[in-house]
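Residue numbering begins at 1 within each chain, and the chains themselves are lettered A, B, C and D in the order written.
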Amino acid sequence: MRQLKIGIAGGSGYAGGELLRLLLSHPNAEVIQVTSERFAGKPVTRVHPHLRKQYSLRFCKRAELKSCDVLFLCLPHGSSSQSIDFYRGLAQRLIDLSADFRLGQKEGFIYGIPELHRDKMRGANLISSAGCNATATILALYPLYKNVLVDLQRTVVEVKVGSSEGGNRSSEASHHPVRSGTVRSFMPTGHRHVQEVIQELGFGQDISIHFSATAIEMVRGVLATCHVFLKKDLDEKAIWKVFRQTYKEEPFIRIVKERDGLYRYPEPKILAGTNFCDIGFEKDSHSNRLVVISAIDNLMKGAAGQAVQAFNIMHGFPEITGLEFTGLHPI
Amino acid sequence: MRQLKIGIAGGSGYAGGELLRLLLSHPNAEVIQVTSERFAGKPVTRVHPHLRKQYSLRFCKRAELKSCDVLFLCLPHGSSSQSIDFYRGLAQRLIDLSADFRLGQKEGFIYGIPELHRDKMRGANLISSAGCNATATILALYPLYKNVLVDLQRTVVEVKVGSSEGGNRSSEASHHPVRSGTVRSFMPTGHRHVQEVIQELGFGQDISIHFSATAIEMVRGVLATCHVFLKKDLDEKAIWKVFRQTYKEEPFIRIVKERDGLYRYPEPKILAGTNFCDIGFEKDSHSNRLVVISAIDNLMKGAAGQAVQAFNIMHGFPEITGLEFTGLHPI
Amino acid sequence: MRQLKIGIAGGSGYAGGELLRLLLSHPNAEVIQVTSERFAGKPVTRVHPHLRKQYSLRFCKRAELKSCDVLFLCLPHGSSSQSIDFYRGLAQRLIDLSADFRLGQKEGFIYGIPELHRDKMRGANLISSAGCNATATILALYPLYKNVLVDLQRTVVEVKVGSSEGGNRSSEASHHPVRSGTVRSFMPTGHRHVQEVIQELGFGQDISIHFSATAIEMVRGVLATCHVFLKKDLDEKAIWKVFRQTYKEEPFIRIVKERDGLYRYPEPKILAGTNFCDIGFEKDSHSNRLVVISAIDNLMKGAAGQAVQAFNIMHGFPEITGLEFTGLHPI
Amino acid sequence: MRQLKIGIAGGSGYAGGELLRLLLSHPNAEVIQVTSERFAGKPVTRVHPHLRKQYSLRFCKRAELKSCDVLFLCLPHGSSSQSIDFYRGLAQRLIDLSADFRLGQKEGFIYGIPELHRDKMRGANLISSAGCNATATILALYPLYKNVLVDLQRTVVEVKVGSSEGGNRSSEASHHPVRSGTVRSFMPTGHRHVQEVIQELGFGQDISIHFSATAIEMVRGVLATCHVFLKKDLDEKAIWKVFRQTYKEEPFIRIVKERDGLYRYPEPKILAGTNFCDIGFEKDSHSNRLVVISAIDNLMKGAAGQAVQAFNIMHGFPEITGLEFTGLHPI
């Protein structure tokens, strides 16, 4: 089986750890190098304890990187773009997980949400993996915006996020006694991720997304609650059709909307470790509001998982390769 | 000191437990009877372990209730109204914590949010304590609606709630492995509490409140995130003035909006056990949206605390009597 | 590839859900039937939401069970033994996850901890899967007891357990506001699981295990802290050797004892979904006490995972088949 | 009413915040100064958000401290002893919350557990407040050791602790994604706090306490599970008598041991904010082991609460003054 040599630049963070986990079981990939300036020389299991007994690899320094087939960039925002020529010199194919190339197809990077851009991603050499909040929001709203079914100025999006979204560097705000049990409106308005949403959902029109982000007691996960206002009266059956039509072939999108049971709408906790984006909705019976709810694991469909999905598409591998984990319940 | 004889009908639930706690330190109140059909004969500490060594009282049956000065009704929705004559026969003053008398001043009950109806509450005999989600929402929006500063049709309100809001009866949905770590959109649209909000904020106009409720990992607390759209351009300073003007004398409302620190906006966890409603806001710099955030303890300002505040107002006692607890940090 | 027909009796519980998940990716197994009296006729995804899009199977009633190659019994304690002839009539091979056949090789069932009984399990037809607390305790202590290194009367074992250990039936004790954040000494002394431990570690001698169980805020996981008193002075290096010698070939046991880093000793959370038992230890520098710490996922190495491991051993499949998941971090 | 001028050195930490909260409602105390080198000039509410609207005080620098009646020292371990003359020059009475003076009555400091040393504390000028783990352990074991009922060499103590025990400085280990949901055996053996326990329970004999500490998902609270081995056969009734006799007059000790209900044994969560130490026990029916369980709030009975209790005793105030809060349920 064709096995590609993989490098990971910036592999000591949470997305890097997930990439290592996913590529471990990927039959077409072999991770040959992972960088971390801070942990260079130490085994990757030093910071990724879930990989014990799985990897004997050690971190190397960026300067030690060798040529490889594909390089994943999991660097802090700003780093990839600063040294893009260096990285392009190392590998023909780059998948960047930072925000650096998400807007405006900078440097020729394709915006890496497969459900929107699969065709362009096939055979692409440069993919910029979408942000986690943007991914959850875009996938929830895409069918409605593409079909121009909603008022383009009124949408309100509230995401609830876990603490891993802030990365692996500790701070006073992430100190457990402070962060634990919090419901913190850390970004009541605005958000750099909205630019991605507007880019992807605008379709040439001027649109507004009224965005808020609240940090809650959770480590992994994003729940996006999107309030959209329908331009004409559609019942839930018609809306179901719209979503189904858009996503029916998608391996990682599930429409979740049940009449009974305990998990009637999407919930991020059962998605931990998976690449799924679950989407549900409810039509307000007293107004033209439709509430669309989407859930992802921010480190998976919001980062490493979507990057591996991109990797598969780039190379023509079956799209779910390495992404078969179905999640845990209860958890 | 004048000490009133207090009865509590339905005292085995969470609101009943909090009432017992609050009235314990109230110099003008003595709880003489608490009912519970299920636990009749057992000490109140059997279900309220935090009151150990504080109360030697035992639950009695409803049928055993004697006359008293004030009767708090903490019964399931529907129960108070069914037997209202019975309860009125027992005490001149009733404070009902259920939803039964909240709408339309039924039976002459005053809607018990002091910040809106203090004058009517003074000397009133019948008070219907507001719901927890309604309280958080109304207090966040009242200054803006009263001063007609916002688009009356566009407001979107998202509340995040803890598990104690569902009461003390276990269910499959409240089973710890299921409920723990959840972010559950249990009420994407609509909510009986919206009726209260509309009643209080309408001021004779037709208004819409687009409401959603999401259950999160938390036991006590409500955070309401309210997205309103300003009719004319007001900066944050002007908005601050509006809130300040409305609430400056209020003992239980704090405007929380700080430039730095870890608690820049309201957070429910530091309000556990207190009667505060903390309110903050942020103006979207790119649109006319204003996000108003309010936090309460659902069992306190959303239930027992507000009921004791009502009790104090009814009788002309200092309003904070029994409600002095300032909350814990860290928690 | 030889694919065995699998039945699961009692498949609506947590262990049943995990079995379904594990067997999904098992190349030698096909689940053809799952029973649930309560959910008969409903899709398995109704109670196992993490299996959405993976299974189209529906629950059937026990009475509808057909012959199959292997039957997993995930029934309440007492049920398997009551109808053992019925189940033996359905399949040649049974793996029972209840406590019914754990003691005394009842009915010929082999006690299913592979690390102790692999040889007897090979080719066995009847395996009784060990309890979760017993598994964690036995694996922590086995090398020391087998080599008669500790005082047989003094061992104190404290397990900290998550809420999923109690199963999927809700109760007042599992009600989220009650169970959340608890540190509940629900079994200060004694425990039916100790009988298993004594059976496995006695080696013909009279031994005492002073056992306690405390429920903590966690859904999945067991941490066993075992205080043993060494008969002669062994340093940590010598102890390491003993553990290493016993477990060096074991695919699911990892010795975790690091000098630095954040995960120096075993921790259950990074084991969620895996079949690992991580074991670490520290020698008290002031006494002959050795503290051995072991961590497992109670639904995996403590239930379904160990059962699949037994299934593999019974049939001569590679032992880790279906059990490759390495766990998540952070979580 | 006589009102003492209070200073707090090192008031930006968690114990300092709790002291401020407690002294707020203390009729005989007025906090006139609080130091923090880091936050000097900033309002105390900047780091103690639960005190908003309660205090207008600002932090000052240590060098700005003025004379006062009583000075509480909430400094990092090592700081108080280094500058003890400076602090003694400022106030006649010092209550030190660090570990500096706990052992050996250094500098004349009395070890501040009232249940053991109330008489010596009356009128004392220097009190060293006991550590949190030591307090929970000592109070659990004191009646048994004082009456020489247990084997002095065999006791095993396991404490489960929350994250606030580590103080308010963030670290990689306290980073929420890492610390959340953990069950971390951070101190399998040994512990500086054991020295305090041995000092207090030895009564001139050589005793061993086999101590372990495990960090669990919790912010506040300590649960100590103490396994002791009785020298002669006592039944639970006899043991109850021993505890009752020792503690019957104690305002902050409750014996918690119930036959039914959800809170049969001590649990720290319902003690948050209170000065209680709840103690329960169970006799092993198969051996001479007795398991004694004690719970406290580490910031209260384990720090600030016990310090205020000491303050009350020193001055002859009623012992519960300022410590009336009874805790919350559910929480």
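Note that contacts are C-beta pairs under 8 Å (C-beta built on N, C-alpha and C of every residue); 3 or more make two chains touch, one makes a residue touch a chain.
The model shown is predicted, which means the values in this text are computed figures rather than measured ones.
J.: Shared touching chains for chain C and chain D?
T.: Common contact partners of chain C and chain D, which must touch each of the two, are A, B.
J.: Comparing centres built from CA atoms, which chain ends up most distant from chain C?
T.: B
J.: Between chain A and chain C, what is the gap in Å from one C-alpha centre to the other?
T.: Using C-alpha averages as centres, the distance is 34 Å.
J.: Averaged over CA atoms, how far is the centre of chain A from the centre of chain D? Could you give it in whole Å?
T.: Measuring from centre to centre gives 45 Å for this pair.
J.: Check each residue of chain D and list the ones that touch at least two other chains.
T.: 14, 164, 168, 172, 177-178, 180-181, 217, 219, 262, 267, 330-331
J.: Where on chain A is chain C touching in the complex?
T.: 14, 17, 21, 24-25, 46-54, 164, 168, 219-220, 254, 256, 261-263, 267, 270, 272-273, 278, 324-331
J.: Spell out the residues on chain C that touch chain D in their complex, using ranges where they run on.
T.: Going by the criterion above, the answer is residues 154, 156, 158, 160, 172-173, 177-178, 180-186, 188-190, 208, 210, 212, 214, 216-218, 221, 223, 225, 227, 262, 265-269, 280-287, 289, 291, 293, 295, 330-331.
J.: Write out the stretch or stretches of chain B touching chain C in their complex.
T.: 14, 162-164, 168-172, 174-181, 217, 219
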